[in-house]
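Two complexes come next, and they have one chain in common, subunit A, joined by subunit B in the first and subunit C in the second.
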Partner chain A sequence: MSEHVDTSRRRFIGGTAGAAAGMSIAPGVFLNQVAQAKPADQPVTSENRWGMLIDTNKCGDGCDACVRGCMEENGWGDINDSEPHSAPEQKAQWIRIVELRDTRTGYAHQLPLMCQHCKHPPCVDVCPTGASMKRADGIVLVDKHICIGCRYCMMACPYKARSFIHEDLQDQLVVAPRGKGTVESCTLCVHRVDRDGADAVPACAEACAAEGHDAFVFGDLNDPNSEISRQLALHGGTEIRADLGLDLGVRYRGI
Partner chain B sequence: MKKTIHFREVTNNGTGYWGLIGILGLIVAIGLGATYYMEHHGHYVTGMNNQIVWGIPHVFAVFLIVAASGALNVASIGSVFGKAPYKPLAPLSGLLAVTLLIGGLAILVLDLGRPDRLIVAMTYYNFKSIFAWNIILYNGFIAIVAVYLWMLMDPSKKQYSSTVGFFAFLWRLILTTGTGSIFGFIVARQAYDAAIMAPLFVVMSFSFGLAIYLLVLMAGMKWTGRPLGDALLRRLKNLLGVFVGGVLYFVLAYHLTNLYATEHHGYEHFLLLGGGIYTQLFWIGQILIGSLIPLAMLYHPGLGRSRTAIGWACALVILGGLTQMYTIIIGGQAYPLVLFPGMEVSSSFYDGVVAEYSPALPEFLLGIGGFGIALIAVALAVKVLPFMPQTLEDAVADPHHGGATDAAAGKAA
Partner chain C sequence: MTRLFKPLQSLVLAVGMAFLAIPLLAGAEVPRPDIPQANARYSEAQGCVEPTEEMRKNHMEYILHQRDETMRQGVRTKQYSLEECINCHVPKPESGKIVRSDSKEHFCSSCHSYAAVKIDCFSCHRDTPMPDAEPGMHRLGGGKGHHFTETETELTADVLRAATEEGLQ
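Presenting the complex of A and B:
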């Protein structure tokens, strides 16, 4: 037995679905907005890809202003005495200065190294609970509420960017919650990014600029008109261990 | 007339049995105490740090987990490959597989930064993570082997044992593949990122699991006064020799491949020549004491017949296995990440240097505690349920192997 097919109903459903899809896509297509911070109740989107370009030629010899700036902003490290019981090799380091020396020529320089905010982060791949996660805007974070402290992300990170907290912590900062038995790393000063959008300046970059070195450029890699995109288009940039194909958010010049 | 083998609970009630329970209970209690100490203070009281993030507890845990799947092999040879002499060995094999896994998992869970969040690990899954898959594989293994044991031990379900046994065999191969892939899937480190990790771990499981099984079988049969035939034991010890040789082959293939690729020369030089404690552990612990000496003992015409020598060979295989886990897990982390090829690197975060690790006592005690959990569970289970056959004399268990002349041999041991 055949049934009467109500084609008008089908057309109606098709039409409304099309309109809904159109309304969803239209703002992204038609509205060329000036970059600005999003309201706190809106989720981040993949329209932005936050990243950082670091010119190691501008990096001051023996300077560690970026490291100290990060410590002050996020409350870790010796200046805060945040892990008094832990041995030096057990203490967290969100960002560190790595000194390089070419074994053939003897050429020496230094660079700051932190979470590279990979597009394809191995730490996120291996995390059993999903605590290690990447936001839609490319910032790689640890959800401290569901981190079980298995440390598999630390095994998997090619950049040794992550630290495990070996003891109870006191006097934590609101912007950077931390906890015994969980893993942490550079957040790209996500609290500043969420507050200031494309105008945000992470603490490391701010400290570097205050020192007069200006080695850091923070910005939106997805926006061709951003300072970081223009500099990368003009001078190029290097990814550390580019062979892994992880598409890093942090790029370098001068290495 | 063909004699059938009956299974009976262990009836020992003397100081021997309760002394064993007491010693194992004490080991478990000490392990739990060490855990409380470490979790209360935080991991700063251990030797682990931000370079060596997985320490001695993981060496014991991964060893036990790998050995667990291997311990099931004896049952699989009977159920899947139809070898009659192995069939009476199956219930103890399944039991040991479950208890070793529980012992290993206990260590792993108790060493977490937040063991109190175990429920999170059970409710939040990232299916791209091999760790998440392993949680499912481990729990599934316990469930499947439990059903398998039921089929083996309930006479009315006997006809299903080979089907369930086949499924358990497949599951255990996948499980060990998953365990090896924890390391195989790590792209960042020189020592890992190799497909051979999965089959290497499978062969390691054959070897370590059978070594533990043989020791438990010999001790269990002897302590309960049940005969164990020489021919059957000879089968098992020859099989152990094959497995030990198999592990050596995979280790050889792994290092030969690495030695061919220039990018891995640094790590190979570190492990094979200049790595200090890791080099010594590799050559003396893993290769000499853990492989070559037990191989020689197992196949020596004289020693190979001595139960004492077979027992010692098993112990050496276990010791060598733990050493191998140490060189893989700790050695693989100790070698620095290569971030800038051709450059000398240094930093406050120990870039470019071999990481230091001195295991702390509580870590050891937790690891030993895992062994305690596995063994006390076996000792209690064989008293409650009939896992062990009343006799394994050759005339009964292995009649086609010239066993008649060995009938009394079990008593001689």
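Presenting the complex of A and C:
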């Protein structure tokens, strides 16, 4: 019987509920907050704020599993290599590996960089149509239905996180519609988040874990009991260009 | 000359009348678009997710409404999702034969080319089902038909029940 049923969520809920109840003053309150995917017909709310913590110390040297994982999940790069007239630097890049080198000591390491899902996103501020938008749960997306391709948002983004599509595409993946004349960027695997809630694992994180590096933690920054919040509370985390005060959803450790 | 002209003249006349007569003979018949059959029916009584007449007239309203809710609020019900339209109305890409949105064999284009209304959906959206898509099923929802809007929890309960029943047999 049980081989037909995926019990991972069940176990997760059970485990979290136990832990939460143990820590809470009012167990009932915590039980309501137990991580659970929202029903498909309910809108997302600001109760959650999805984020990611990336430990660059765990990042394998020269490894680009997260980039490949993202390509495969969302159908860009080699997976949908249909921009034959575009130079490599013009092509879509939802997530990239950035190498850091200390010029004095020569110490080098790398980090994956994607949309940081800013709480105060400059890309949203500058968009003339409202296409660049932040959902209530903090995920920043481009509504390509109303994007006019002006690329203001690409200029405004301090993290070079966005790409413009120059040519007609075909055979996009159903989870990631994308096309000519519009801008796109990391969606935090929003289709997985909508399906799995706090149990979601974005494709980059999944690929990283499959390589045995486990550098990513995805979770709810609003939930003090989530793995990501606990790790941040314990060890802290760095925002890239924290001076800009954008309150990023993606945090790093080891940089 | 007149001898030769006369039959010619009457031939022209006859041909002209024949052309005139075609619409008359055909009565009210207007050439219809050749709309491909869907893979599944909503119910015994009803073909599509709303009555066919309603869908023919107003499908864009349903899709537009769903579009904004999904895009902005993460609402991912299946009844009016474009993915479901495609899964049900467009054949899976078989080896050698892919029915794309620029072909009149594509469900959407069969009618849109007839009505001369350009659609923009497929510059971003995939115009064929995913290779692993189940006709009439939704990828996000798991093993159930595309017309349900139950919550995940209820779905899990359903699957569990089915699995239990299977186990008991």
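Everything below uses one rule, namely that the second predicted complex is superposed on the first by the 221 of 255 C-alpha atoms of A that agree within 3 Å, B and C clash if a C-alpha of one lies under 4 Å from a C-alpha of the other, contacts with A are read in each partner's own complex, and residues count from 1 in each chain.
In the analysis below, a residue touches a chain if its C-beta (ideal position, glycine included) is under 8 Å from a C-beta of that chain, and two chains touch if they have at least 3 such contacts.
All figures in this text were calculated on a predicted structure; none of them were measured in a lab.
*Asks:* Just subunit B (first), just subunit C (second), both, or neither: which does A:Gly60 touch?
*Replies:* It touches nothing on subunit B or subunit C.
*Asks:* Determine, under the contact definition given at the top, whether A:Arg195 touches first (subunit B), second (subunit C), both, or neither.
*Replies:* Second partner only, subunit C.
*Asks:* Please work out whether A:Lys180 is in contact with subunit B alone, subunit C alone, both, or neither, and reply first, second, both or neither.
*Replies:* both
*Asks:* In the overlaid three-chain picture, which partner chain does A:Gly254 touch, first (subunit B) or second (subunit C), both, or neither?
*Replies:* The answer is neither, since A:Gly254 touches no partner chain.
*Asks:* Check the residue A:Cys127 against both partner chains and state whether it touches subunit B (first), subunit C (second), both, or neither.
*Replies:* first
*Asks:* Have a look at where A:Asp171 lands relative to subunit B and subunit C in the superposition and call it first, second, both or neither.
*Replies:* second
*Asks:* Going by the contact rule set out at the top, does A:Lys160 touch subunit B (first), subunit C (second), both, or neither?
*Replies:* first
*Asks:* Can A:Arg96 be said to touch subunit B (first), subunit C (second), both, or neither?
*Replies:* In the superposition, A:Arg96 contacts subunit B only.
*Asks:* Which residues form the common part of the subunit A surface touched by subunit B and by subunit C?
*Replies:* 168, 180-182
*Asks:* Which part of subunit A faces subunit C closely enough to touch in the complex?
*Replies:* 1-2, 4-5, 9, 36-44, 133, 135-137, 141, 143-145, 168-175, 177-182, 190-191, 193-195
*Asks:* In the complex formed with subunit A, which residues of subunit B make contact?
*Replies:* 39, 41-44, 46, 48-51, 53-54, 112-115, 117-118, 120-121, 124-126, 128-132, 135, 182, 185-189, 333, 337, 339-340, 342-351, 355-356
*Asks:* So in the complex, which bits of subunit C are touching subunit A?
*Replies:* Against subunit A, the touching part of subunit C is residues 67, 69, 71-78, 83, 86, 100, 123-126, 128, 130, 133, 139-141, 149, 151-153, 156, 159-160, 162-164, 166-167.
*Asks:* Considering only the defined contacts, which subunit A positions touch subunit B in the complex?
*Replies:* Subunit A reaches subunit B through residues 83, 85-87, 89-93, 96-104, 113, 122, 124-131, 146-152, 154-160, 162-168, 180-183, 240-241, 244, 255.
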